[in-house]
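Presented sequentially are two complexes of chain A, the first with chain B as partner and the second with chain C.
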Partner chain A sequence: MSTSSKIDTPALLDVANVSKSFGSVEVLRSVSLQVARGEVVTVIGPSGSGKTTLLRCVNFLESYDSGSIRIDGKEVGFRDTGTRQRRSERDLAAMRAETGMVFQSFNLFPHLTAAGNIMLGLRKVRGKSSAEARSIAEHWLGRVGLAHKADSLPAELSGGQQQRVGIARAVAMGPKILLLDEITSALDPELVGEVLEVVRSLAEEGMTMVMVTHEMAFARDASSRIVFMADGGVSAAGPPAEILAADTDNERLRNFLARFRASHF
Partner chain B sequence: MGYALNFNLIWRHFDKLWGGLLLSLELAVISIAIGIVIGLVLAVWYVSAGRVVRTIIAAYVEFIRNVPLILLVYLVFYGLPTVVDIAYSAQTSFVATLALYSGAYLVEVFRSGLEAVPRGQIDAGKAIGLTPWQRLLHVRLPTMLRITLPALSNTFISLFKDTSVASVISVPELTYGAQWINFNTFRIVEVYLVVTAMYLLTGYALLYALRLLERWFRAAH
Partner chain C sequence: MIGQIAYALPFLAQGLALTLWVSLLVVVFSLVAGVIMGVGLVYGPAPLRWVVRIFSDTIRGIPILVLIFFVYYGLPAVGLHLPSFWAAVLALTLFKTAQVIEYLRGAVGSIPKGQSEAAMAIGLTFRQRLAYVIFPQAFRRFLPPWINGVTDAVKGSALVSLLGITDLMQAINQVIGRTYEAMPLYILGALIYFAVNYALSLASRRLEKRFSFIRE
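This part shows the complex of A and B:
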């Protein structure tokens, strides 16, 4: 099954036939996905369908058994020798610095302030001076509406605020692509909006994003393409209007959407 | 009738106890400082090493934890110089022993602390492009330290009490001072009452100070 979309420019992210098993459980089955620069691709699907695993493979937090993942033409986790030889840790770190990731459970460093969380990568990975890193951190904290919280520790912030710091930490590094892993799932409903607002503004500025989410309304409004995953494979992919149509031919997708509507409305 | 308590002789020789207490503290501080280095290095090594290294480190920890401290003190002070050509004072020998002893306990403390660092924080460190060494330094160790600080305090208090074992090789710490006064005055009840109070008060003062330090550390980091 081919899921290649009609993109004229070469894909920024090119996932080709990626498979992965945890023990005897096949979590990704020959997944292919191309994302062009500036695109916002949303991945939806029932839990256990491999969405998060796919995302974690893109910055090699998880390895994959076969296939390839390339960002800007460069293989992510393995050396370009074609031997599936894992990159050195130093190389991997450098590759990962090109992608930003925002996590479901925020994962802020608890011993660092909001600004400190953002500055760590800028200083240690990007080699910025402390003053430079601080001013970049303040800029991004301003962008996510938290300029006044620069010196607060994560424990002093609400979930929504922590997640906005998480987003600022990821984008401040200037990544080529931003990976968002169910970033609103751990939030109280009233805090979801403030986080999605930040994502929306990044999308409008042309940030390339791959987003795993259960926020269907947001997926419909903000994404250029929606990918529906089921049982570790891409079951359907296309523009939001096409994928979220109630009368789709894809039975699994129809069932998923029906269940989803039943439980959310 | 019974025994009349008389503390006069104790106060006359109190300098022996006071000097002993200071030496006990000094022994504990130097030993734990070295022990922390041993514990940190071995714990970090352990969590990233293969089977062979793990087995060797585990053997060291198990050996130390299952042999009474007093035997270790004898082994290092009397045993080692008979096997290898090495000479050291009783005090140096004891510090070395207590450092190895606390190191073994701290390997366990730090190892479990490192393993308790949430997976997500390590992922976050990877995601921003930190190398393994940078993740250790800037993500895992700071979090581990917060987790292990109370255990570290407890180990220190316990080490302070363990310094009394040094009396068996005539290191003039607090318990040795007590024995000296006992042998020279025969005021056994009085001297051990005073010394017990000194251990107790110092232990409490240390605990209080360390808890304050922990609270400050938590607030500041």
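This part shows the complex of A and C:
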């Protein structure tokens, strides 16, 4: 496999045998996934395959039943004692601040301006002064091409603009890893490009990312590795060329890609 | 008639002061208790949610007059003797608290789950999420029913006259007892209640306008 070069460096994100059920439905079946620093991993797969749930487990928006998820060697949701004792509210908050998350539905705070959305975490979690937080917010708004919208409320922004603020809000916190959950799925087609452009530039700067997406072209061009999930498990993983090859041995993957091509091209 | 009004006004002013004092205490106590219990109802562990749910449903199922008599005449049976003023304040506070719990539940419940999740994702603790993300948005929805409830508290406080407390209502009755002029005094009393509540709803409208910039 292509990951042989990374065996020596411990993974930044180490998901090991994570399982989770909602009632009697097993949404994650012993999922394992390692992501090295600077890697961009895209997760593809049919809906209901557990992609989003996996992502939500990584910053403990969802708990999981067994297995472990470590970021930089630290267990995410449970105490390091190995007893599966949930971390305290403070610890959890501190852990989550180390992972950025961008949501499908943007989830900007509607009562705060674009800059205010970015400043909130900087001020209350990172303890920055108002002036410092403002200048960091302006820097990141500039990076996503929205310097002129700093004082606009989310309702005054287009979907693409809102999502770019969402990305700025996440990266401004200086996370170790960025989680992107179908961030273009709620956007009009003509607005998808501007958002992916921002993601691409972050990838080029070495931001570690795990991205759940249906944008196959983007997955092909921008990711170092693609993970194909089906029925709650990792069905295939590897470099884009290998995974997206039309003649793959993996029947589920072949069917998924065939259906995908049929509906998108 | 002008003479009667001039005679009555100082009594009524004292009564009004007491009505406002009772209302203020009830509104403040019920706001604090109701918000705390409402947060318990929305976010608390199951046993706490049950306790609050049972409290709220029970209190809201009892006529306020029964509640007042129960606190004043009933509680002494279990050794709790409250002076009539505090018995009235307690009964009205219980009643109002149950309402505030429901206003809060409705207002907080109307905020999409994604807001909490986004707030979690940037590392805010539970209290910070409430203070900076949930409450500022819920406030706008909490305000209109709550102000309505405040005017209800002012009107409902007239019931304390039944415990012999000289509030505005009781003052009106006392003046009538001396002058035998019921109609002008009831009209005067109604106007005073109306003036207070109308001022409250004007204030509420201004507040609502101030917070209407939050769009979804």
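One rule holds for everything that comes next: the second predicted complex is superposed on the first by the 258 of 265 C-alpha atoms of A that agree within 3 Å, B and C clash if a C-alpha of one lies under 4 Å from a C-alpha of the other, contacts with A are read in each partner's own complex, and residues count from 1 in each chain.
The rule we apply is simple: contacts are C-beta pairs under 8 Å (C-beta built on N, C-alpha and C of every residue); 3 or more make two chains touch, one makes a residue touch a chain.
Here the structure is a predicted model, which is why all the values come from computation and not from measurement.
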Query raised in the report: After the match on chain A, would you call chain B and chain C a fit or a clash?
Result: clash
Requested in this report: Determine, under the contact definition given at the top, whether A:103 touches first (chain B), second (chain C), both, or neither.
Outcome: both
Query raised in the report: Regarding the shared-chain residue A:93, is it in contact with chain B (first), chain C (second), both, or neither?
Result: both
Report task. For A:22, decide between first (touching chain B), second (touching chain C), both and neither. Result -> neither
Query raised in the report: Where on chain A do chain B and chain C both make contact?
Result: 59, 61, 89-90, 93-101, 103, 105, 107-111, 120-121, 124-125, 169-170, 173
Query raised in the report: In the complex formed with chain B, which residues of chain A make contact?
Result: 59, 61, 89-90, 92-101, 103, 105-111, 120-121, 124-125, 169-170, 173
Query raised in the report: Hey, which residues of chain A end up touching chain C in the complex?
Result: 59, 61, 89-90, 93-101, 103, 105, 107-111, 120-121, 124-125, 153, 155, 169-170, 173
Requested in this report: Spell out the part of chain C that touches chain A in their complex, as residue ranges.
Outcome: 112, 114-115, 117-126, 128, 132-133, 136-137, 213-216
Query raised in the report: For chain B, which residues count as touching chain A in their complex?
Result: 118, 120-121, 123-132, 134, 138-139, 142-143, 146, 221
